[in-house]
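I have a structure here, written as structure tokens, and I will follow up with some questions on it.
Labels A, B and C are assigned to the chains in the order they are written; within every chain, residues are numbered from 1.
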Amino acid sequence: MDLLAQILVNGTLQGGLYAVMALGLALVWGVLNIVNLAHGAFIMLGGYASWYLYTYAHIDPFLGLPLTAAVMFGLGYGLQRGLLNLVIRAPMFNTLLITFGLEVVLTYLAQLVFSADFRTINPPYAGNSLAWGPVVLPLARLAAFGVAIVLTVGMWLFLLHTRLGRAIRATAQNLVAARLYGVEPRHLYAMTFGLGIALAGAAGTLYGTVSQINPYIGASLTAKSFAISIIGGLENPLGVIVGGLFLGIVESLTTLYIGQTFADVASFGILVLVLIVRPSGLLGKTT
Amino acid sequence: MSSRHSRLLAGLFAIAAASASAGAALAQEVVLGASVQLTGPVANTGRYYRDAYQLAIDKINAAGGVKIAGQSHKLALKLYDNQSDVNLSVRQYTQLVSQDKVNLLLGPFASNFALADSAVSEKYKVPMVQGGGASDQIFARKFKYIFGTLAPASNYFGSTVGMLKSLKPAPQSVALLYADDAFDVSVAEGTRPMLKQAGLNVVMDERYSTNATDFNSLLSQIKSKNADVVLVAGHETEILNFVRQAKSLAVAPKLYSFTVGVPSEDFRKALGKDAEYAFGMTAWLPTTALKDRWFGDAEKFAKEYKAKFGYDPDYHAASGAADVETLVQAMEDAGSADPQKVRDALAKVKFESLYGPIAFNAQGQIELPQMVIQVQGGAVAEIYGAKGFVKQPKYPMPAWDAR
Amino acid sequence: MKAWQIGMVLAALLLLAGVPWYGSDVLVQFGINALLLAVLAQGWNIIGGYTGYASFGNSVFYGLGAYGVAIAMVQWQLPFGVGMVFGVVLAVVFAVLLGIPVLRLKGHYFAIATLALSQVMTAIVSNVGLAGQNIGLVLPPLNNDPLFYELSLGLLTVATLTIWGLTRSRFGFGLIAIRENEEGAAVMGVNTTLYKVLAFALSGVFSALAGGIHAYWITFLDPDSAFDISLNVKMIIMAVFGGPGTVLGPIVGALSLSAISEFLSSEVTSIAGLFFGLVIVAAVVLMPRGLADMIRRLRKTGWRYFSENIRAHRL
């Protein structure tokens, strides 16, 4: 019983991390209709940014998170404005291909600049834990979970209650509506992509404190992020939390009862099932 | 841009050499070909082979090169980056033998690569000496042109299990975790009967996917099953995650041991203090006891390697350097660089090297015992070898909050 | 097609078929690889180019074909041909069973669903003992590259002829109608589900055959290389680079990109991947309609072609 409780806690905490990984992907996909295959590569870059901040400037990863997010926002804004805006109206394959190309480029640049060595963001408290009865709560994971919830809820409030947020939501419906808010579409697209990448950067920071970063982690993180955003649905950031928690718990239980090698069968199998049965996500409206 | 520069220089030298050879009949170069992982997910270990090959070849050339039938030949290296892609590496090895016409082959890193690439050497009948693949599968195919200088995977935990029997307090239960690739499955298959024979109770025997990042569930099970000893056969990134997550879940068995990671400087750096107490194994340590014809001894090799490349070599690097020396030795024994003759010489080769005594069994694999090592005070300490304890192990491992 | 055009194609085919006699070993090897990629790009062309469904699951067909051959030859000691048939059967079963539910999804959702399917297949096969789990299977080596080359060339020819036939058949027009407007096609009396599943299966057959040939040639197979998603991305890029929804575009795309990639990985070796990524990005921005369209229009418009493309597709 203790074991089951611990496994559920592990899954929940992992799920929080998953949610923040997928948040930016879901935003960009839902609003801009860009399926960003480079999303995981941006998570990787965010991880490196925080690693450098921590290792050379001794800035705690959680304190440095806004800084990393700001840098990543700039990168995302620039990429959308200078590159992705150029192909926004091209056929669908093209946005898929260009983000795949970006993924390749970012991965190789990372390997050239950062080397293939793996990095961990390892502040002294990273390995500490709290005991909650028989259950152990890893501190860094708990903090990452908290940040994930704050970011997701913050995102939700931002989309609901700010002018820019409403303009972004309107864009998701149609482009003309966005103009009614008086926001220039090119700027709006870049802002949205920038926000998505900033969230990816934040996810990278959290990922680096609980796992390890190397230039090649991107692709599998992208795949996971897809699963989460599909399961949760693209309409609402809160759906991503549901998707993340669901996936985290399912993977933990699969590992416990069936075997770790089946964790991917479970998560991607569920993704396919959800797509077939409820294409708008677990929380989404049925059509 | 420096690589471009050096390529230009190399080109100039080549022209100079060519014009010089027009006059004095300079002996032909012996070209060794290899395709290793310089980019991609396993580039981190692939670089050991590139650097070791280069260092060994430079060293041998500086000493006059290889003497074949009374004539000195310089060695040259033709190296490709396979981008951690098995298919590409197969094509590159084919290119090396059929187009670049290299004389002999050096191996890639990792068992699955060696498994695929050995088919090329077999097909073209050009011997390959590889120090990157230890899986027993590579040598189970009765291929005649593949020789391996990594100790057999099935015996990786052999010395560790030997040590377990003489530890006080004696450990009772063992958890065995392994990644689902060729090498680690071979390790697990070899380890199981040894554990049984040692009378240890295997409470967990779990396979996990290669590149798994979340070990929380497995760790929680280890804790709940109270395993005294945890043996993990996997890759460095996984083991890094494993140790970090063990700490954050306060899982501290009496002992844990890993097939890879512990000998690598990069691994110890990434974990910092948390690497402490981790057991591992290596078939090689840079000691003066290992005498070498070219470098003097293993310690000198390690020093030169570090001075040149800026990081410590581990057994991968030593094995790679030994591969070059093995080919050189075989050419000298054979008195020829002819692939067929070198192959026959390789089958009988026997000499002392910086890596240890080199000789191949009937399948073409080396037989080297593994030494048990442990991270103590940030450095690797040799704990247990063929002759028993060398140094006292720090055992049992203290709880994470008692360090 | 005019007589001189048919003559040109036949001459090109003869030239290609003769490579093992006058080309080097490396050229033959490169040829096998490039031709198989061209088959994959053609296979994708049926479902992606003509029907408009961006399948990321074609690498599953490729993998099933490869495993069909490997399992038959290694585990059951059956001849290569039987393995090919087995692989094709696996691919068709997969296409029908999963195609029916998945082909109801549109656009990105279909792409993601097929992407997930290839992940699921990797994970499942890693656990199947018959398929050698994650370790993979080692096939008996056959040292006969010319044979593999001619097989690949033959397969590509059959695939291309099939597509050519498609473009002049009711079935082909139905697929194009689905691509342009699926509801409209249904109204016109096209049985869209049947057509889509058939297109998916047909594209699967060619991919599976390519996978089977490749497995026997490379003599080694594991789940990661069999269900490699980047292989799927490659076939899409090659088809899109050459011109999706055309008969010869994917071949041109596959052969030219293979040549570029091969050149890069032997010349600039460790930054080849970086260049390849840049080529993709630049190609999407500058020539989103593929090489075929560029060649056709470049003569008329000159360099303005590129700036016009950007103007047409930017925000």
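Everything below uses one rule, namely that contacts are C-beta pairs under 8 Å (C-beta built on N, C-alpha and C of every residue); 3 or more make two chains touch, one makes a residue touch a chain.
None of these values were measured; they are calculated from a predicted model.
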Contact graph of the chains (line, ring, star, complete, other): complete
When B-C and A-B are ranked by contacting C-beta pairs, first comes A-B
Between the Cα centroids of chain A and chain C the separation in whole angstrom comes to 31
Per the C-alpha means, the centres of chain A and chain B lie apart by a whole-Å value of 36
Chain B touches at least 2 other chains through residues 39, 180, 209
Residue numbers in chain A touching two or more further chains are 108, 259, 261, 264
Multi-chain contacts in chain C, i.e. residues touching at least two other chains, fall at 123, 126, 134, 273
Touching chain C in the complex, chain A uses residues 29, 33, 35, 83, 85-94, 96-98, 100-105, 107-109, 112, 185-186, 189, 219, 223, 226-227, 230, 259, 261-262, 264-265, 268-269, 271-272, 275-276, 279
Residue positions on chain A within touch of chain B in the complex are 2-3, 6-7, 10-11, 13-14, 108, 111, 116-120, 122, 126-129, 131, 136, 138-141, 210-212, 214, 216-217, 220, 251-252, 255-256, 259-261, 263-264
Chain B contacts chain A in the complex at 39-41, 43-44, 47, 180, 206-209, 211-214, 216-218, 220-221, 223-224, 236-237, 240-241, 244-245, 247-250, 266, 270-272, 274, 400
Interface with chain C, chain B side, in the complex: residues 38-39, 80-81, 83, 86-88, 90-92, 94-95, 98-99, 112, 115-116, 119, 122-123, 137, 141, 180-182, 185, 209-210
Counting only contacts in the complex, chain C reaches chain B at residues 24-26, 29-30, 33, 123, 126, 133-136, 138, 141, 143, 218-220, 222, 225, 265-266, 269-270, 272-273
